[in-house]
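Okay, got some structures for you below.
Across the two complexes that follow, chain A remains constant while its partner is chain B and subsequently chain C.
On to the complex of A and B.
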């Protein structure tokens, strides 16, 4: 299985954290707040789309609401595969970072 | 806030709608709108708007990048790989592009020609209501469709048939002597027409002196270039032009009319011009001289009109059997009846359309073969692409894309080639195309479609085959799946050569038939005969001229006749002899001649005597008939028996051996000659065969001495004889070029195939050589296959070619036998050419050093 890219990992994590309220606006807000970067909708939706296609997320359409000009929301939920992918990503990082700590990192090249 | 929901912007939505993927379209727009509405509450409308547009812009760009960027990157890679391959395999690419480009160039030219042929007389405003009357003569031995109808027909039709709203008669005069001040030239394409001419047809006046310039007697309407030629910058209107000695007033000037019309004219003379001639009788139903055009009412039923006029001629001419019909003006060129013994252009349109398609097919097959062969060396690339995640669809589109690229490159080259050969093409087709014609929208559309089809067709097989390969097998080196026995390629080669053989045989057939007709013993000697048209008062000086010319030794004979001896145009049914079945409606050729006619053209009298100036009574009461007519009369000795032609009752004084006086499409018809010096149209002079030049000089001098007012205007009879077969001569030429092209393209393909087989059998050859195989045995090994292929394709295509050739020859009463020789010749010729093509490559492979081929393993 292909590893998750960093962007994919972030969005997947965001969806998981947001639980029942994971749709375009909330996901974008959450990721932007945490990372302090702006993610345009193009990036957001193509990442989500790819995750859906890989089976890490499922997409459901809500009923239309008036404040969205009568348009529906795409709610995303994480799947078991998505969870294990997240777990893998974490394992990978842990394994890579395992023999390192902040002190060594601070010393840098010295 | 008054409303909870502000819709931000239609245009913003529009942008997002088209950039976002179909599935997420609504969600994206909804998301942004939701955030926007929240923003309005927190930061106010203006800032929210700014924020909104900022977000829409960056989102739009991010969509573009996400959706398209990687595709572009990949296509860029494909393009790069395509060009690399193009340059890496230079020979293949050159052969491939050259083949496709010459095929396409041929398509461009054929397309140009066909479009032009189809455009004849398309420009008349009322074109769909204009018809030419044609008369179908039913003779007892044959029938003849003629566009020439009697003079009173036009007015009769318009008076008696309300559906016919306008009629126009056209009398084609051919060339006339124009004279203004000191300018004196023969001008061709001069016609006589009714005053309704310009109402029926859409030829435009530039200037005219009255509402209808043709209505006044003795008026002439000339085209712009004639006006400039004779009057320069001065106003031509109102000037007097002498035409064949008769003074006419210029009453109108037209633009130069387009070439794509069958009613070609440079000047139109008013109909009353004919009143000056004693032979013309405007009420005579029995003789036909002009074409009759009719314009029908908008709502009339063509078939009804046609039915009602069908028997008009029979009603007026006793004992005649003929039917009238309507021919749409647009059909005149394609389904010509004007030249009674040609098929009309439509046949050539079909023939050349088919040839174009066949040549393009050969070129496509080449491309398929070459692309497939070349693709085999690219299996590793495909393996790598597949391993790195390429879908089958992508491989297919990569190879289709490459062959499209190739065909578009060929298209550019094809345009260049066709512009380069345009002058030659113009010469063969007697057309006047210039490079701008190729820029015609229709031509370009056809070309674009042909290119597209070619690209897709030639890329389809390789891409289907290659994309199906399994990457694991490719990379492990098992690549020969299905390629060991290239059946498809063999079939394609057989097909290519089959087409080539059909073309070669057709070319040989047409060429031989033309040669046969031009060289056949026609019963008289057409060489060294000079023919001078008699016009105006030349007739009065004929006797003097004859007498003077005969004094020279280099002039072997002088005579005159109604028709050019190469073609007796006239046919008549007005003959009678004792014992003739009165129900029989036999049509015979005729000619009115001066006394030495038969002697001058060198034909043989088999019984009786020829006309002679010694017998003054020869005129009008004595006839000479040909063998064929003698056969119809049927007596043992027809000389001396009674014979009647029209009103002339007399006796037959001689029988001439059958000679050709019309096209060889039909059998030599019965024919009657009558001595009559009042209706002579051509002076015929036999000159010294060894010294044409000085004989012509003598004629020229004598002529200008006796007839200073008429510049000498002559042609050789063998030229007019050749012109009967002009269509066949042209076709023979064009076919020759196309055949050369087809064989050339097929050989290109063969060359590619041989290099492939040489490559594939490299190791086999090397091993054979290591074990002592001789060079010649290896040459035999490779070439054996091609000889086999060519023999097979000859066997398959010969019957097809034979049927086609026989079909074409059916139209000729006198024809060559399409014997087996042609087929041997065609096969042998192809074998030679193919052998020559492949020999280099074969010798190269056979001579190669085995070490180079096997040491790599």
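On to the complex of A and C.
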């Protein structure tokens, strides 16, 4: 199975963290706040679509909500596959980093 | 919390850009985000953010759309090509029909553009007008004006920038230099301002002085080469006719543009002519062209003309007639005014076309365009009919496509793609056709049309656009019809039941095709009827075996000798010398009867004939006698025709006297009527017979010599005449025509219309029958089983053929019924152009209907026979 890209990983993680409140706006806001970068909607939707297609996420349409001009929301929930993909990603990183940490990195070139 | 909504426009754009599935959710997300931004950072930030989002998404959106549609069209193309190849017969019928239709319309478009482009090469074309005069109650228009008018207009009207006067050398003449001599036809006179008005490029010479002085002449390049070869002609001398003073060559101009309404090889300075200095406002001798200043309105200038005429012509009129011009004008029949004719209208206009060597015919242009459009339409109908006829075959495909998710719009696109491919391939064949036919077409229309796709930037895109439009028109009906099937009923096979309306449409279209074809066919018959009628109508004079020698003035004193020499020969029966000939131009002149006041002068058409004229042309006298050589007083005798007797209200015409000079009233100088001839059609049959007077030309050396010869041995006789001519004139060129041909030439336009009708009616019927052929073969194929069952039950071959052709027969007959009134009114109007016209015989309608039916039946009978002969066992196994 292909590994997750960094962006995918972040969005997938965000969906899992947000639980019942994972839809476009909240996902983007969460990732942007945590990483302190702006992710445009284009990136967001295409990444989410891809994750849905790969079976890591499911999409459900909610009932229309009055505060959004009567429009529905697409809620995302993580699947078992999605969870194991996240786990894989975490383990991959742990294995790579091993005993390394930021202190060692700071010494770096010296 | 207040809910801030993004503007509707941005919302609309986003919803259009987005993919369909998630549209509402995405819109919702964006609105929420927008609202949030709005609360925190204010409306401007929020708006900027939204619009940036929209703009950034555009490029990839467009890319996406294009790649998707390319993929779709690739698929349409593939399916279309497969369909074309699979049904070769139908494709062939469609392509042949289409390409003939297109070739016709492109050729005709070339012709029409050419006709409409006359005189447009002049830089000031849109500001040039020709001034003409109009007279009388019916405002009869001529294009001639008086000599001093051009200058007076320049002086009086500030809105005129330039004016030029021009006129034609009246007849063919010999032009010679020291070693060469040729007969020339195209010599014009012009003021030097011609270069300011028309765009005539001078290669050598100074436009300001080239035509200023008397006896200066300009040549065109090719004429310069003809007379001087490689030498420089500037400053050399040319002699025109028998004039003593030669002309000095002061310039060389580019060859005359073939699309100029006046044609010239030589331009002589108008100041050469005495008449150009005349201050008489009564003679209408010159063409006057003016250039209006930018932004001036011709209709406003026209309003000033009556005052202008009164100012200049008034005093002269008073002096000559002792009457105020205003008084004279009070009588409506003395109406007189000028009119302006836009330069670009001249070629196709029917009024005042006296200078034209190439005259257009607006009627011809209309007829051609209508016919071209109709032929194309017939070809389009073929496509519609054949594609809808094949609907059962395609309906399964349509059903499958719909089940698999094709939208109706996609299906329409697919069918239109198919017809556009057909029309594009027809275009290629049409271009080949055109290149093959063009020389013939040029010969027939007397034009030099060129068809070169790369000629200018418009032709190629124009053709493609034209083809697309034709393809779309032809494909529209089948596309909408075929795409309308509901997939369930199609796949269940239920579509056959609802085909009834489709069959009706198809029948209507077939009737439409045949109606058009029959109208054109009836037109053909009537045109030929009229041509035959004109050939056979009793003209009242002999037209056979007469040779006309032109320019017989060249004989001068030796005319009598020439005549005697000819009469000595066995082959020559008579020789007559005349100023004009039946069918050629005659001058209408004012004649005063003795004892009647001047105000009652009448216009008679004047013919000059000598003693032999009546006998040679076999004119019949109803009263009195013709000129006789032995009676010397016949010098002052005239003969008038029956119409003139009636026109003048004479009861005892013999012995009546006219004042001898036209329009003048001098006492003691009379000509006496000695005879009355029966009416002859001395002009073309477009005209009624006019009152005519024959004056004695015995002592005038006239322009034409008519020689009546014996039938047979024509070639020998002609060469004998030429020998005598050469003997007596030295080296004058010998020009002759046969009188019969001259008369036939009067009806060249009609002959042209006739052949156009023939060709196009043949094409129309051919294309329509092609469609029929396709329909009947399809029909037979569809009814294979029915035919098989009928045959097993004992039907005869003839019964089956009847069965298959019955429908077509009825349709053609209906078309004939519809076509007849249209054709009748169209041709009735056309016949109004002729004073002498054939009547439209009811048999024409019947025979056209039968002819068309016959052609249609021949087309289908073979297919029907094939179907009827098929072995029923085989056909019952079919499917």
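In the analysis below, the second predicted complex is superposed on the first by the 109 of 110 C-alpha atoms of A that agree within 3 Å, B and C clash if a C-alpha of one lies under 4 Å from a C-alpha of the other, contacts with A are read in each partner's own complex, and residues count from 1 in each chain.
Following the convention adopted for this analysis, contacts are C-beta pairs under 8 Å (C-beta built on N, C-alpha and C of every residue); 3 or more make two chains touch, one makes a residue touch a chain.
Keep in mind it's a predicted model, so treat the numbers as computed, not measured.
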Checklist entry - After the chain A overlay, clash or fit between chain B and chain C? => result clash
Next on the checklist: By the touch definition at the top of the document, which applies to A:43: first (chain B), second (chain C), both, or neither?
Outcome noted: first
Checklist entry - Which touches a greater number of chain A residues, chain B or chain C? => result B
Checklist entry - Considering 308-316, 542-550, 614-622 or 668-676, which region of chain C has C-alpha atoms that clash with chain B after the structures are aligned on chain A? => result 542-550
Item to check | Contact residues of chain A, present in both the chain B and the chain C interface | outcome: 23-25, 28, 40-42, 45, 61, 65, 67-69, 71-74
Checklist entry - Considering the complex alone, what residue numbers of chain B touch chain A? => result 4-5, 7, 16, 19-21, 23-24, 26-35, 37, 55, 58-67
Next on the checklist: So in the complex, the part of chain C that touches chain A is made up of which residues?
Outcome noted: 1, 3, 5, 22, 24-33, 36, 53, 56-57
Next on the checklist: Which stretch or stretches of chain A touch chain C in the complex?
Outcome noted: 23-25, 28, 40-42, 45, 61, 65, 67-69, 71-74
Next on the checklist: Per the contact definition, I'd like the list of chain A residues that touch chain B in the complex.
Outcome noted: 23-25, 28, 38, 40-43, 45-46, 48-49, 61, 64-69, 71-74
